[in-house]
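Handing you a structure now.
In order of appearance the chains are A, B, C and D, and numbering begins at 1 in each one.
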Amino acid sequence: MITAGIDSGIKTTKVVILNDDKIIAQRLVLTGWEPQQAGESALTAALADARLSRADLARLVATGAGRQAFPLAQSNVTEITADARALAFLHPTVRTVIDVGAEEARALKCANGRVLDFAVNEKCAAGAGIFLETMARTLEVTLDEMSALALQATGTATLNSQCAVFAESEVVSLIHAQTPIAEIVRAAHDAIAGRVASLARRVGGEPEIALVGGIARNVGFIDALARELGMEIIVPRDPEFIGALGAALMAGDPVSLRGAS
Amino acid sequence: MKNKIGYLCTYVPEEIIHAAGFLPVRIAPSTTPPTRADAHLQSYTCCLARSCLDQALAGRLNDLAGVVFAHTCDTMQGLADIWRESFPNLFVETVVGPVALNSPHAQKYLVAELRRFVAALEQHFDVRVTEDALRASIRIYNTRRRALADFYARRAEFSAVQWFNVMNKALTTPPEAISDRRSATSNQQSAIENQKSKIGVVLVGATIDEPTLPQILDDLGARIVADDFCNGARYFDTLVAEEGDPIEAIAARELTRATCPCKHRALDDRAERLLKLVKDNRADGVIFYHKKFCDPHAWDYPPLAAALDREKIPHLLLEVEQVAPVGQTRVRVEAFLEMLSEG
Amino acid sequence: MSERRYKKLKTAPQLKKLLEQHYLAAKYFHLGKPIAWVTSGAPVEIVRALDIFPVYPENYGALCGARGASAAMCQVAEARVYSPDLCAYARSSVGMMSDAKHAPLGGLPRPDLLITCGNICGTVLKWYEAAARHYHAPLFILDTPFIHADDGEPTAHAIAYVAAQLEELIAFLEKQTRRKLSKEKLLATAMLSSEAVSLWCDVREFCRARPSPLNAPDLFLNMAPIVTLRGTKECAQFYRALKEEIAERVARQVSALPEEKYRLVWDNIAIWHHLYRFYNHFVDYGACFVTDTYTGGWAMRMNDQGDPIHAFARTYTQVFLNQSLRVRVRDMADLITRFDVDGFVMHSNRSCKPYSVGQYDIRRIVTEQTGKPGLVIEADHSDPRSYDDETIRARIQTFMEGLR
Amino acid sequence: MENMPQEFWRWKEYNWHAPDIAWRNAKIITAGVDVGSVSTQAVVMVDGKLFAYANRRTGSSSPDSARRAMDCALEETDLALDKIHYVVGTGYGRVNVPFAHKTMTEIACHARGANFLYGASVRTVLDMGGQDCKAIKIDAQGKVVNFLMNDKCAAGTGRGLEVIADLLQVPIEEMGELSLRVEKEPEPVSSTCVVFAKSEALGLLRKGWKKNDVLAAYSRAMAHRVAALLKRIGIEKEFVITGGIAKNSGIVTRLEKELGIVARKPDFDTQIAGAVGAALIAKKMKDER
């Protein structure tokens, strides 16, 4: 059976197509202002990659912030539920999943693909991808460079502002104080790792811990989080596709969708 | 055996803990952002609660044999219970003192509550708190309070940062170490040069735990002429009577010392005290240094501000989280001082 | 405001009338009786027995929340330099004191007396101090020491302290009213109060039935008379009618929801400003709040052994918000088993620290003990400005997905 | 992926000078440099008259920004920096103005600047800048009587508006006008948080809102926050607005409506008020010495 999952994120839209339990195509596009259109184009592209047509799709499940925007999806689930499902498939021993997207960070405790407990950053915590993006812009480096820089630092600089926008000006004053860039980068990573870790602690995060979402591409962040939690962190392959994968898996297993709207 | 007991508020009777053979130390928030406490406390609780719990959870308070709370605000009340759940084997107690200090029954109740606390200490640690030990401890703490008051009287010779250091060190060191002004200010050199141009301010708040504001005041050439902090002048403004029943005497001090906004003695006693501080010390203005999400102080701010307005005393409100952001704080304070010196 | 999507109660008009009459009377027809502002946890029986007319600013706060007036009222207070982080009941009330233009029913009547009882929070002390300054009305503080004991029992000295203050309160009120408290009248009022409380307990117990005859908003709305009219004949009368109706619902297996698929417990004060909208998100999943910790807070039965003053002292010191986290865990776990629910939802209420601080731990421990999952939702009971429907809906969806 | 096709937040940088002032015979030449979190202005005054000014974006280094702004202001004049007798630095980067003799906070400078630019009858000044808003009460001499600043949240600041301009892809200069072009004034957004702005805006657009409506909802929320600040300090006539956001008609109009008071409209750039104040204070300091 061919199923698909679509994860309509704030920043990026991801599609995964499964043939039974095998991933046969995946695509990522920028969400932009028309989540529905982004979803359509990601889906079309992914289907084309797999040499399939719409008609071959048995079921489609949507997730992510824009999950309600897809009339073609049979149902939708939240990212948290989808993450749990995908991790059970990829790494059944994982008990805690941390998912950091562009504007939201989540931590969930799971077993057998079920969510046992979860926590999401409350408004204003600003402990999400956008925080790093803002820092990158201020420092005039790319996200990839940021991630590499963080690993080079040894220092002890800290950022105190919770607010991403103000952390930006803190960064400016650190620059003035001639703090090496690597140290500032590390401070920024530590700041959000601290906030993300407290989410994980709120759900009573136990090993093994997996990190998913776009930020899991960032080794500097993984390092900061591992240090903060004092645990090793598993990063699945293609971490930003986990939500879409979970949705696609749930599409193939309609029982699991009971209760979803 | 561990010989320190931590406490979170100056309404905790240090003398009793001391008489039981422990060194009472004030648990103060640190400057590192909390990452563990958020699993227990919501984002809308004050940073004092969050940071103190965070340090405990990070294992930085493992040398404490116990932690004692005093009933003050709703956050502390919740924190005490959370602490107990987080450290089930630790001695965690709350001295639930009276709120209505003006009640004719408050003294009797507090005495009974203090005796319950004594019994709890005795039972848990298998010690005896004798009257003689209590008397001795009272004398030691009174000596320290007098020394601090004496330092205070001469604080014009010291900078704001020195003032901060002296006060904060005092509440975490053995009381015997501070017996007179000199010992209070050891390692602190007098360092005031251009005294005459200085603007004098009174600081008001719950506690002051990190030196950003004093540093800014020093940089800008302002002087702290008086304060109303738990870990400032409110700590030593009243002594415990050295005669009579020691527990009764400790209770009597708690009921008569300068009130914190969690307690009630009279409707406007805090405003009256503040005006007196300003006038007696010829202050130019008042800086409220409040913690974000601290309800009791936020509640007292409007009436205190109104009282100052009536007397045309300028004031500034700073609401800070754990560490005051240097840039923002500096602009506010600097503009305030500019305003005072222009006026 | 969205519409309710579940069965209406026949007694609803009666409730509405009862409360309207109360507020009208408070404003215009208190017939020369002095007006006292009292907190929800104050021993109102004494006040009533002295023919003083009590009004409840907290209940009024809920009303302002439900009518969507709180935000505007709070802003008045904020313009008068009250912090937006303070309890919104109190904040809107302070706003009303200085400017009643946004206040429903033209605001509460001016108090002749103020009686605050600390058994619910520290806020009520500061709130009533503000009222005392504003109205120059005499303020009585009933200080009820917080109970940290695991068994929820107050210490003997705490009871003695409260009892002594109750005597003082009586003397204070007698002096203010120049009347003498009649022991018979106090007993009669206490009886009426007990009766209503006990009927309310019965109504709540009926919700153990499957399907539950009531959903949380019913409980919230029907709790109002227990708070504001406790100790009156009308109050007891109302609860008799309500009990009858619910008994009948249970007998005929009438469900509050179109279809009850899940049963949940609610913790903390209602989200008044989005009452139906919020709870409808659960109705969408067929989830019914069959019981809650909040309206149960006024289901305490009067301890009637011995001297009535001592009984009052004990009862009022033991109210649930004056109890430690352990007692709250115990009570929550008890509700979960007795009402046979699938999970619980905790409203982390920015306004109400005594109710909310500790919820994360309560949730963890309760789940460990009962195996039932709990959801924490951050909002505010009466300030709509910290309510975000989108985020809240996503949390609810995730939680419900996990309940299957 | 990170690069936006166009930077919508970028407002124009420019300079100006008075063609007919002869500085060579002047008694005193002073300057004010306002290094803000977002913008930097340099103002030169000759005997207390506006001579030249420039408005630039603040870069990542304050000293450079100050220098650049000053160079830009002097660019088309024949005046050189070393001929200026006294310079006062203000704004966030005030201590980093290398050629300043003295520093003053932007609060004092905006007060003084407003007093000069709008006249002595001004009593309440609202400075809406890049990182914070300040409500300032002043006397007839332009001295600060009382002031309040907003909390430590970027919502409702110029920087926040820039983020939103980028997000909605509307040039910042047109934002105000666009936000006023709505059929019906929408409800304000529930949270003005800049960090979560995108999810909030997306949600609204998904509900079928138009860009203008989203802008209107934001502007309204921001106006609301600023109004709260003004109400806290107690607004007195005459009321003026300085700083960059004063150019955003969408916010100004809504603010006026909410307060029920109209701000005096300027015939000069509101962003320079701080630097003007600094230059005036420089003159006063020099005079007194």
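A few remarks follow.
Throughout what follows, contacts are C-beta pairs under 8 Å (C-beta built on N, C-alpha and C of every residue); 3 or more make two chains touch, one makes a residue touch a chain.
These numbers come from a predicted model, not from an experiment.
Traced through touching neighbours, the fewest hops from subunit C to subunit D number 1.
Centroid to centroid, with C-alpha atoms defining each point, subunit B and subunit D lie 40 Å apart. Subunit A and subunit B have Cα centroids separated by 44 Å. The centroid of the Cα atoms in subunit B and the matching centroid in subunit C are 34 Å apart.
Taken residue by residue, subunit B touches two or more other chains at 39, 319, 325, 327, whereas all remaining positions touch fewer. Residue positions of subunit A touching 2 or more other chains, listed in rising order: 65, 122-124, 161, 166, 169, 202, 204.
Residue positions of subunit D touching 2 or more other chains: 92, 152, 191, 199.
Chain contact topology: the protein chains form a complete graph, every chain touching every other one. Those residues of subunit A that touch subunit D in the complex are listed here as 10, 30-31, 33, 35, 65-66, 68-69, 102-104, 123-124, 126, 128, 130-131, 133, 136-138, 140, 142-143, 161, 163-166, 168-169, 172, 175-176. Only residues 75, 78-81, 385, 387-390 of subunit C touch subunit D when the two sit together in their complex.
For subunit B in complex with subunit C, the residues that touch the partner chain are 39-42, 44-45, 71-75, 77-82, 84-86, 94, 96, 98-100, 102-106, 108-109, 112-113, 116, 261-262, 264, 267-268, 292-293, 295-296, 298-303, 305, 317, 319.
On the side of subunit C, the complex with subunit A involves touching residues 284-285, 360, 364, 367, 373, 376, 378, 388, 391, 394-395, 397-398, 400-404.
The part of subunit B that touches subunit A in the complex is made up of residues 32-39, 43, 321-323, 325-327.
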